Amino acid sequence: MLHFENDYNEGVHPELLKALIDTNEENLAGYGMDGYTQRAADKIREACACPQAQVQFVTGGTQTNQLVINSLLKSYEGVIAAETGHVATHEAGAIEFSGHKVLTLPHDAGKLKADDVAQYLADFYADGNHEHMVFPGMVYISHPTEYGTLYNHEELSALAEVCRSYQIPLYMDGARLGYALGSSLSDLSLAAIAELCDVFYIGGTKLGALAGEAIVFTKQNMPKHFTAIVKQHGALVAKGRLFGVQFDRFFTDNLYEKIGREAISYAEQLKALLKEKGYRFYLESPTNQQFLIVANDKLEELGQSVVYSFWEKYDDYNTVIRLATSWSTRQADIDALAEVL
Amino acid sequence: MLHFENDYNEGVHPELLKALIDTNEENLAGYGMDGYTQRAADKIREACACPQAQVQFVTGGTQTNQLVINSLLKSYEGVIAAETGHVATHEAGAIEFSGHKVLTLPHDAGKLKADDVAQYLADFYADGNHEHMVFPGMVYISHPTEYGTLYNHEELSALAEVCRSYQIPLYMDGARLGYALGSSLSDLSLAAIAELCDVFYIGGTKLGALAGEAIVFTKQNMPKHFTAIVKQHGALVAKGRLFGVQFDRFFTDNLYEKIGREAISYAEQLKALLKEKGYRFYLESPTNQQFLIVANDKLEELGQSVVYSFWEKYDDYNTVIRLATSWSTRQADIDALAEVL
Amino acid sequence: MLHFENDYNEGVHPELLKALIDTNEENLAGYGMDGYTQRAADKIREACACPQAQVQFVTGGTQTNQLVINSLLKSYEGVIAAETGHVATHEAGAIEFSGHKVLTLPHDAGKLKADDVAQYLADFYADGNHEHMVFPGMVYISHPTEYGTLYNHEELSALAEVCRSYQIPLYMDGARLGYALGSSLSDLSLAAIAELCDVFYIGGTKLGALAGEAIVFTKQNMPKHFTAIVKQHGALVAKGRLFGVQFDRFFTDNLYEKIGREAISYAEQLKALLKEKGYRFYLESPTNQQFLIVANDKLEELGQSVVYSFWEKYDDYNTVIRLATSWSTRQADIDALAEVL
Amino acid sequence: MLHFENDYNEGVHPELLKALIDTNEENLAGYGMDGYTQRAADKIREACACPQAQVQFVTGGTQTNQLVINSLLKSYEGVIAAETGHVATHEAGAIEFSGHKVLTLPHDAGKLKADDVAQYLADFYADGNHEHMVFPGMVYISHPTEYGTLYNHEELSALAEVCRSYQIPLYMDGARLGYALGSSLSDLSLAAIAELCDVFYIGGTKLGALAGEAIVFTKQNMPKHFTAIVKQHGALVAKGRLFGVQFDRFFTDNLYEKIGREAISYAEQLKALLKEKGYRFYLESPTNQQFLIVANDKLEELGQSVVYSFWEKYDDYNTVIRLATSWSTRQADIDALAEVL
């Protein structure tokens, strides 16, 4: 079987594995107080051209979103997100579980529009009853989005400007950030993201880490006593080295972006192949996730040689599916796919 | 000034006040253990023709919704509501604050449609990812709705049937229930509501109580140790007699429904008057709240003699306002309104 | 039966009732925006000699404690209290329910000692693992305490000094504050309390209100958008006048202190009577609550004419009971008690 | 430097690392749906002689405690623990953060006594005010305890009997369970633990896993839709294989117990050595953690060659420190220690 169902079905990237093996017998301090974790943070600060950035590593994406949103919002605030945003749809209500409403706005291929956010905020404060409503206290975006699409510099700047004018943080969910950074069509560098966002995370799991995400607070805005906050969310791990060692490696010799770039080059081949074979695309995605509209009666046949993800029903006769390349895709996988399509 | 802005701008209905005065010097047990509270519950059980009903009195509407929803839902469940439902809009996120998502569906003049709920539930369980989503664990409706509209017996039965087939409770917010019961156009008795809903509340504040709402669990489904749950929500009052005495009186000589009926008769006069004067109705409401579309340049004039509620912007030139009759409306108010319109 | 079991077994003080009746038909704004509520706050500011004080009225004591503690603490902070403090014992875990640990210290006749608090805080910050522990973020005291005892000016000043040196607020639960203010043995005025505490509440329910407590933030430290916070705790009532009218009257002609003083004078008579009859006191209380050690075989006899509160087991042969005077005690009650003892 | 400060200062046990390497390129389902996770659960069921056990893997200990306690307790319930229990002291209030009080009882060398628990429960239900208090809804113990001590079969049976008579679950925190199973002085097998406890966890991190703990529900009492509950606690990881592969290996060829046994044999050597050198033990621990009372002026000297953990102040002149052996201790470490002591 050819695996294109997602970007986390193999274990760990060989270079990260090597780093884990090489450091395995070193005696290191726990809870992220070790040197690898400190160095990983330093390298992230450098890669972001953001010397004042504060970095915290945690295990996974939903945990990250819950922790960041809950620790930055006041109790009476909610977070604005696209209706397709991960926090609004596939986190089992983790945001509400921690006490906050997700305030959803329509999406444009997975993206929030700055104008919509500005209008929502203006309407909220114009409403005489707003003290009886949920205050919009943050804007959440994902980049790449759940549909693989990307914000450009202009769009992100516009969102940042709206947020600043209302003094609320702009938060970017970068679960797949490497695939954005690796896309030739993206004009947003890590430094630009660090400048425009108040907080974002650099996803590890989907870029080849065993587990691990790096939260970056860019404006000296990490909540006070954040270690205690992380701990009370159940998110502080004893062997913080697991994250420190992997991210130290990710940000050595530019590995993180290289991984993204390589996966995108496979995605480009995949797109070309699918177009050649006459597949119909649900939307234009410049990153590692590709969404196709496939007739229901062709799905079973496809499923005999390729593992894909069901995405959603398109209509009574067609289905939207996802094919993804990743850090673990090999040229041989693409070549084999060319054979069976 | 003529007051038609809402149904809680005077203090307490004279009959309830008399009951409070008459019992004031009696020595009574605290925390709802007094005889009046017990008798009020008995009378509610009788009025609902529901001998097994379990009754708890608390102070206000948002508190009631938070308490009922939070105590009946599992942590991973949310509550289905119309997008215009009070819990979705004007409770400052009290439901999310207690950990649960409000799952909104489109409304039809403030009402949820059984078919929409059934479709939502079917789609949810058909989605292979639903363990990563918020489980729909309850259906919330308000009756009258936020737009003054009413469910009829057929509509409520259909909702109840959907809920039963998925084994989730149907909860009715009856903040203004008396105005539904008092409407000649309603075919839903208290007994029918008690039969069809798993839990509902009988609103006191907006029917003339100083404060107080009666929560009715109809299926022996009051959560175990509910007193402790009420207490930990900050909702248990020392002088429970405040609610007991008022509701004992509400349900003596059918006062609760009489109050509703009288307010509706004033509302009928109000509607006739407004129609006669050429006012344009936003929708057809059979209860005490009437919604009008008024040209912006006429609002100021109206506001010189009548206190109304701003509801929402209609378009650039018109505004939706609310005029409400209530337990405190007098014939003289209507007559005076006829003069100034 | 003679009622000395608590201070909330009758309804409402006659003067407050009169104020409620007199204002009943006035049309007032909801949610505490009415003139009585504003005037009540003004009068409280004046009585406290604290012009910058911010006042919010809510329904009951546990609700107040939960709201104040939860809104002032950071998520990683707990509240220091005596092990006998109401928040530690008889609020069904309302503080923990809102996410915060109650950090208990030994009590001295119900009181916290400043030295113990200082030691606890010093030990906490000296512990190298304190980022893995619950930060002490507030000190809670009750005055009078659960045992009727009082802090004097020196003791409260010492607690305030400790709190200020650690920059954490000092919070006083004044459920029975009037009985402290009315005690001739107290050297703590409202003005001194407002100066030394960062936040406190003036209890209404146990001083004769139907319901209602006044929260006073003395240092311009009311959390931003407190109305929304109150609402999401289910604590905002539509007819805020209920509290406004009563507290406006409480703080007119010094009624609040007068009520306390009168109850204390009855308590003095009660103490004299009990001493004369040879009753054994559990501790010396200068306020309206008196605690006695009574042999178990005498309890039944006493219970035939007097309603008292069971407090706790003293040993195998004796029980601690409470007798309380209150705003509703009359000379005739004391005289009748003299007959039956 | 010689490292005896804790049991998590190296990375991963070589056998587990080998298993991770060997399976790294396999394409596996996410979120614990892979075959290794299923097999690991099967092997745990077999090792526990508990075919009906339900197993869930999560990342760390505090997360596990919060998840288990919060998902099994009703909102009005707290958990009974020794005052030295990890949940009561060093989890940054994670249990209270999730809404529940930790009800502490005195400890006996870190252990809860069944008689104390029985007395607490009896007193609670005998108290007429218990509906205003926190219901004891679970008993939490750690085994080994925070002081390295162990329950024997009789003690655990007595606790289980008390819990069953009140129908509340007995929960064992097994962060270091392997070191209990590996102790020659322990008469509690995994099977006995599974029979007597309603839920427990098998600690991975401190026995050599990179991360990972196995929660075992023994009485078909895993909460319904537990995946959603795990997710909303931020505890569901995408690459569940990380836990599956390691625990599959732990429970192949009895590795988990072997690791514990070996560490205990080093601990025995350590104890003998320390006794020989005249060190004073704080208490008698049969597991891998040893607690010593050391004069303050000798600490610095010791610290020049050995890394130990500060535990607590003993008196003005002495300190309690911890030395721990672990899965990563080697004979050479013990031999080197003999040289420097």
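Every chain is named by a letter (A, B, C and D) in the order it is written, and numbering of its residues begins at 1.
Convention: a residue touches a chain if its C-beta (ideal position, glycine included) is under 8 Å from a C-beta of that chain, and two chains touch if they have at least 3 such contacts.
Every value quoted in this text rests on a predicted model; they were computed, and no experiment measured them.
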- Return the chain pair with more inter-chain C-beta contacts, choosing between B-D and C-D. C-D
- Message: Among the chains here, which has the CA centroid at the largest distance from subunit B's centroid?
- Response: D
- Query: Rounded to the nearest whole Å, what is the centre-to-centre distance of subunit C and subunit D, using the mean of the C-alpha atoms as each centre?
  - Reply: 42
- Item | Mean-CA-position distance for subunit D and subunit B (Å) | 50
- Message: Residues of subunit B that contact two or more other chains, please.
- Response: 75-76, 91-93, 97, 131-133, 228-229, 231-232
- Across the complex, what residues on subunit C touch subunit A? 70-71, 74-76, 131-133, 135, 224-225, 227-229, 231-232
- Name, in rising order, each residue of subunit B that touches subunit C in their complex. 1, 3, 6, 8-12, 17, 20-21, 23-30, 59-64, 66-67, 91-94, 97, 205-206, 210-211, 228-229, 231-239, 241-242, 307, 328
- Item | Residues of subunit B defined as touching subunit A within the complex | 75-76, 78, 89-93, 96-102, 128-129, 131-134, 310
